[in-house]
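In the two complexes that follow, chain A is the common piece, with chain B as its partner first and chain C second.
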Partner chain A sequence: MGDERSLFVQERHIKGGGKMAKKITIDPVTRIEGHLKIVVEVENGKVKDAWSSGTMARGFEAMLIGKDPRDASFVTSRFCGVCYSVHQLASARALDEAFGAKVPWGGNLIRNLVMGAEYVYDHLIHFYQLSALDYIDVMAIANYSGMDKDLLAVKDKIVGLVKTKDTYPLTPRYEPDEFTVKDPDMVIMAVKHYIDALKIHAEARNMGAIWGGRTPHYQNIVVGGVTSYPDINQVTRFRTMLDEQAKFVNEVYIPDVLSFGTGPLWPLAEMGLGGGHYNYLSYGDFQKDPAGKELIFPAGVIMGLNPAGIKVDPVDTKKITESVKYSWYRENKPVHPYNGEQVFNLDKKDAYTFVKAPRYDRKAMEVGPLARMLVAKHPDVLGLVGKGARPGAVVRHAARAIETKLIVDACYDWLDHLLTEMTKPGFKIHDTEHWDPPESGMGAGFHEAPRGALGHWIKIKNKKIDNYQAVVPSTWNASPRDEKEVRGQYEESLIGAPVPDPDNPINVVRVIRSFDPCLACAIHIIDPHTNEIKKFLIE
Partner chain B sequence: MSKTNASSALNSKGGDDISPQKIVILGVGNLLLSDEGVGVHAANELMKMELPPEVTVVEGGTDGFGLLNIITEADRLIVIDAVKGGGAPGSIYRFYIDEVQSCPSGFKTSVHQIGILEVISLSGLIGKTPHTTVIGIEPKSLEMSMELSPEVKAKIPRIIELIFDELKIKNLTWSVSKIQEGI
Partner chain C sequence: MSTRQKENFVDKKFLEAVKSRGINRRDFLKYCAVTATVLGLSELEFTKKVAQAIDAASKKPPVMWIEGQACAGCTVSLTQNLNPPAASIILDQISIRYHHTVMASAGDIAERVYHDTVKQGGYMLLVEGAVPSADDRFCIEGGIPFRKRLEESAKNAAVIIAVGACSTYGGIPRATPSKGIPVSEALKRAGINKTVVNISTCPVHPDHLIGTILYVLVTGKAPELDVKGRPAMYFGDKLMHDNCRRRAHFDVGEFLKDWNDPKQKDWCLFEKGCKGPVSYIDCAIRRWNDGISFCLDCGGLCQACGEPNFYDKVTPLYTAESETSKKIWAMREACLFKKDT
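Moving on, here comes the complex of A and B:
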């Protein structure tokens, strides 16, 4: 077995107040999308301070300036190889506002269905492929003594991988600790579901392609709606595939998350590992009806969560600013995204990340499934909190599973609505009256992406893009300190995390991975860090 | 079976089903970072050509896990990607995926944490791992741009030729020269 610490952890001793504190650097954090470095200072077995660094530059917005505004949906969908459709949608919504386009209900339904498939895909990968290994000791499989044929096949597969030393994706990893599930029956079932999930979410990508025309990088979402009329076969195919996804979500994913969360991981839930600032933001998304009176995910802001009486305030997006004091950008006061800029300064003193620091009303916020489910006051999440779980890594996983079910259920409703719409005379999916760019204008597009609140802001002048900014979910969560020295949400959520063995900071990666980080996963080069590749040079 | 070529259909006897291998040519990379997108540019060129029915060309962008649906459907996979191997810009590398898995401290901790090679390796867990060849091109520029550098752009026809050579080894019957006329 490879060992995560031998690969990535560097340590150094630092002196602080006469006591020895230990600084641990985890670079890169593995099993996330993109590139992230986390530094923690550990004292008396607990994290005392933390720094989160996005180590890859992301400044794609600059290349949009001067382009036809309609190009934005296409170009921004290439920001990221994982979450392309979310950018396409947020961008189209920013253009909808700037162009004055009114998306017909039919167009909105198809947009929603594309995102429905995206949610199932993202959340299943996050739980099984990216997170589960933080909580189970895969090697316990060797001790499975049951006779279940399917499970024995899983055991053979994993033992086979270990024997041939081809242990990706099980390694690199940290050593199991006292919270790690080691019961062979539970572990082997989890690994079986890990393998099953691979098949299910591969199919979810094909579901998105029913509407998106291709996979990856769907093509159908544009300003004013979507590009192609649905036919009955598409609706039927989507529904058949959705049945299989729904079955997995209801019968495997949710039971797994709940049995782990309320079982062996309950001590981590009670401890509230990975809590943070307890400030939450959801822009709200997914209309239930043509007028948008009700949303699947309501909009709202919670400042300083009080579980006994959750106070949700309305969102005012004018209160969003981005600070760059600790980011490798030219010095600037905190500004609203409409006025944001992308000018790098790599020599800036004290800067430690390419991620800016978005703030709402000058406060650091958490975005994502936990924020959405708390803003929605979802009874199942509040039920966990009522039983003594503190919002943190474990409740975050639960919130993600619960909202996956909400989305799956909503997909059935959207299909029914779509069928009704399709039979109406004059059925429309696109506002063709507003296809041409306005002489000038501005617009904001908001979307609750699987990872959280996503916003795109555009300014148009002479029918061309004059400025463009995207504030993505992981920017909120992974942000550095701001001009008032307030930590970002990852940083704050690490404070107090137990690290009894500095060589094995497994709780640090549990916290970080619970947010489902996605940082500038926009690069795809094969970079082997070895000279071996030279022998394959052919010309 | 309608797409099997005539000679093999004639030679086949009842029950002797020769279904053609499914070949996928997958170009990956980021279109916004100049030479990082070479795989995407090459795939887009290939899509303009008339190819045998068993060959599918996919432009994979920078997706990772999301390519699993495509990879698991292939018997034979050719990946076109930018590769940093230390050669001169435009250098071409070719290797089978099994060759690099034995590289010490090789690809498994590459820049993007869940990359194409990791996903190919995962496909083995849910079925077969396709026989995979990587055609890699040394990039010159990774600057933000939707254009390739001249050095890399000039290599696109050669990359396509190499892919056709590679597939010909498997005794696939179609006219390479006919396709090359189209470039």
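Moving on, here comes the complex of A and C:
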């Protein structure tokens, strides 16, 4: 602090306790993916206020203007290499509408199947590799006294690493707290599954590559459908690989999440850690039939959740606007994404992020698995809520596991449909009639990506891109305050989170990670009494 | 040679030493197989050489991975390696001191480790992502511009490896308002005269990356590079076009027009925008995802993502109207491509 590292010191007034609080200096901290930073103010052992900011931008949307519209699906896939290809699909769907293309059922089935593979990989890597360590004390493994050969091998591995005194990059870590699972039998099983999951989700990616060509970034999704004409061997291969995924999801992932969630983590579930605004949005996705009458994930909006009687309203995408009051873009009133722009203003006063603030009907929303499962009124999620769990971090993890099973089951149905389609004369995967860009047009493409509601909007003029905007799940969840000073969902969900020890903000980390942030985050903890800045990171 | 035979051959004492450092023997041997051919050695010789190299070093070699304007796709690509498993590389073979998505938490300590490692020097520096040249503020990491972090960590690095299209040649960020530039260019501008090993493609191929890391580990130096600064063993003169199974159709002028037509399924994708004829890379032989497929096998196109021209010179991607496509057609007309033999 105060050295050359303060090159980009931000000064901001924090409103708190009804009066303007002191001016504070935030030392930039991000050590890991420097894309998302979270600042929280802690008072009396609880989070009093929070700020979420993204600190990296490339300007993809601005760059796309003037390009051939078909470039968009390839280029936007590179928004993110972790949740790869979700943008490729949303973009292709926006182009479908703008070009007037009708994707054949065969093309949609293959799109669904490769995205199904992406889902399984993405949810598994999130739970095991990114989140699980927040809830278990790995060192408890040393106390494992069982005789299971596989588990003893896990014990040897961890103890072996410790003995070499070179445990990078596994150390250091947050100290376990009262909610941390310390039972050696449970912990060692979780760590074994952590190691197993590495292999399983790599195989899920290989499964998607059967038609996607390779991962990350599939190569087969284009406007009008897909490029991968399937053969029967591929269908069989996909099904065989899917069996392995289904086994792991049903026999390991779901039991793990439920036994942790309803067992040692039940107090966190009851407390509702990480709740937020309780507004949820799902665009709906994944057709069960050619007409798209039924969806695996239904569309809907829930405002101010009332668990006793969930009221789901239909989605009207015209109600989406984006505010840039606190973002590093040229000042603009909240507008619909069709009219959005990406003109940077890096000197803007009060701005603290590259993330815009999307709102639905002027309300901050949560998107993602919890939103989807609440909109769907899934009995397993409602069952947890009925038993006293408040929607928050723990229920979010449960919703993610439950929907993984829905997707796996759907993949089997899609494979059956695909086989039937393939044997029909005139089987199609692509609308070749509408391959060339129209003179002008506009289109919107929606996708329920693993992290939530995703939308792409395109305008075409003279066969070139005239405007392009994407509102991604992490934009909804990680958004800053809007023009009415309403916090984004990450920010709101942190309010009240217990942080008894500012040196060990494990609950803050648990909340943020439960959303599956696409990016790494940095957390600053500010003690308003001492003005001391503590620096923390979420990997 | 079976794994069992290999185990017998390699000094038991050494393998015990390996095991004591938490390395699974089987993984270690599989690992060696990956790059044996690369060094022109038999698998056996290579196994011995790696064994000696690791044994000679009293510690696992320190590695730092920094990320600028990137999508983390190269990191994800690395973790999908099954043989050897990514976990065995990350935990057993190298000592990752710094990596956003891999390292455990704690900012202050991570920062100290970073500075200690820079001070100590002699590490392998892996860089994912471009460096914004329009304004430092487009990529701030740890509160300092990514450019600055790159410069300070490059100075004391033993080897610098640029990972993926963005860090090697600028890739897509080069075409954006942030004006991303490659690692080599950023270092040149800062007056740092060091060799950068470019492992291009979007994202990086895990074999290319792991193979290069192993090469450095065993030989202590960078592999031979082609004229574009890439490991010659994977790029160089390995023209995609010469190994493409659609090649014969290019020569006779059979170009795919309709992805729905099974008859055209294997025809040349040039008219759809394929840039394979100017793409020097071994994808058509090596393939992706454990050999399951690759871009051209799913009816997708090669966009020459390993070439310095990617992306601004290969757009529009899905027609034959780009600068690059026009060049390919002119070369075809002038009979400049090797004939299929």
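Definition applied: the second predicted complex is superposed on the first by the 477 of 539 C-alpha atoms of A that agree within 3 Å, B and C clash if a C-alpha of one lies under 4 Å from a C-alpha of the other, contacts with A are read in each partner's own complex, and residues count from 1 in each chain.
Rule of thumb we're sticking to: contacts are C-beta pairs under 8 Å (C-beta built on N, C-alpha and C of every residue); 3 or more make two chains touch, one makes a residue touch a chain.
Please read these numbers as outputs of a predicted model, since none were measured by experiment.
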First, second, both or neither for A:333, with chain B first and chain C second: neither
Partner chain in contact with A:149 - chain B first, chain C second, else both or neither: neither
Which superposed partner A:227 touches (first chain B, second chain C, both, neither): second
Which superposed partner A:210 touches (first chain B, second chain C, both, neither): second
Per-residue touch tally on chain A - higher for chain B or for chain C: C
Which of chain B and chain C A:219 touches, first, second, both or neither: second
First (chain B), second (chain C), both or neither touched by A:346: second
Touched partner set for A:199, first chain B, second chain C, both or neither: both
Common interface positions of chain A, toward chain B and toward chain C: 7, 28, 30-34, 59-60, 62-63, 75, 78-82, 84, 157, 166, 168-169, 172, 195, 198-199, 202-203, 205-206, 215-217, 522, 536-539
Of all residues in chain C, those that touch chain A in their complex: 19-22, 24, 59-60, 67, 69-77, 79-82, 85-87, 90-91, 95-111, 113-114, 132, 135, 137-146, 172-173, 175-178, 180, 202-203, 257-260, 262, 265, 272, 288-290, 292-301, 303, 311, 315-319
Residues of chain A that touch chain C when the two form their complex: 4-8, 27-34, 55-60, 62-63, 67-68, 70-71, 74-75, 78-82, 84, 104, 133, 157, 160-161, 163-164, 166, 168-174, 195, 198-199, 202-203, 205-206, 209-220, 222, 225-229, 328, 344, 346, 427-430, 432, 509, 519-520, 522, 535-539
Contacting residues of chain B [partner chain A, same complex]: 28-33, 36, 39, 59-70, 72, 81-87, 91-95, 99-101, 103-118, 121-122, 125-126, 134, 136, 139, 142, 144-146, 158, 162
In the complex, chain A residues that touch chain B: 7, 28, 30-35, 59-60, 62-63, 75, 78-82, 84, 121, 125, 129, 157, 166, 168-169, 172, 195, 198-199, 201-203, 205-206, 215-217, 521-534, 536-539
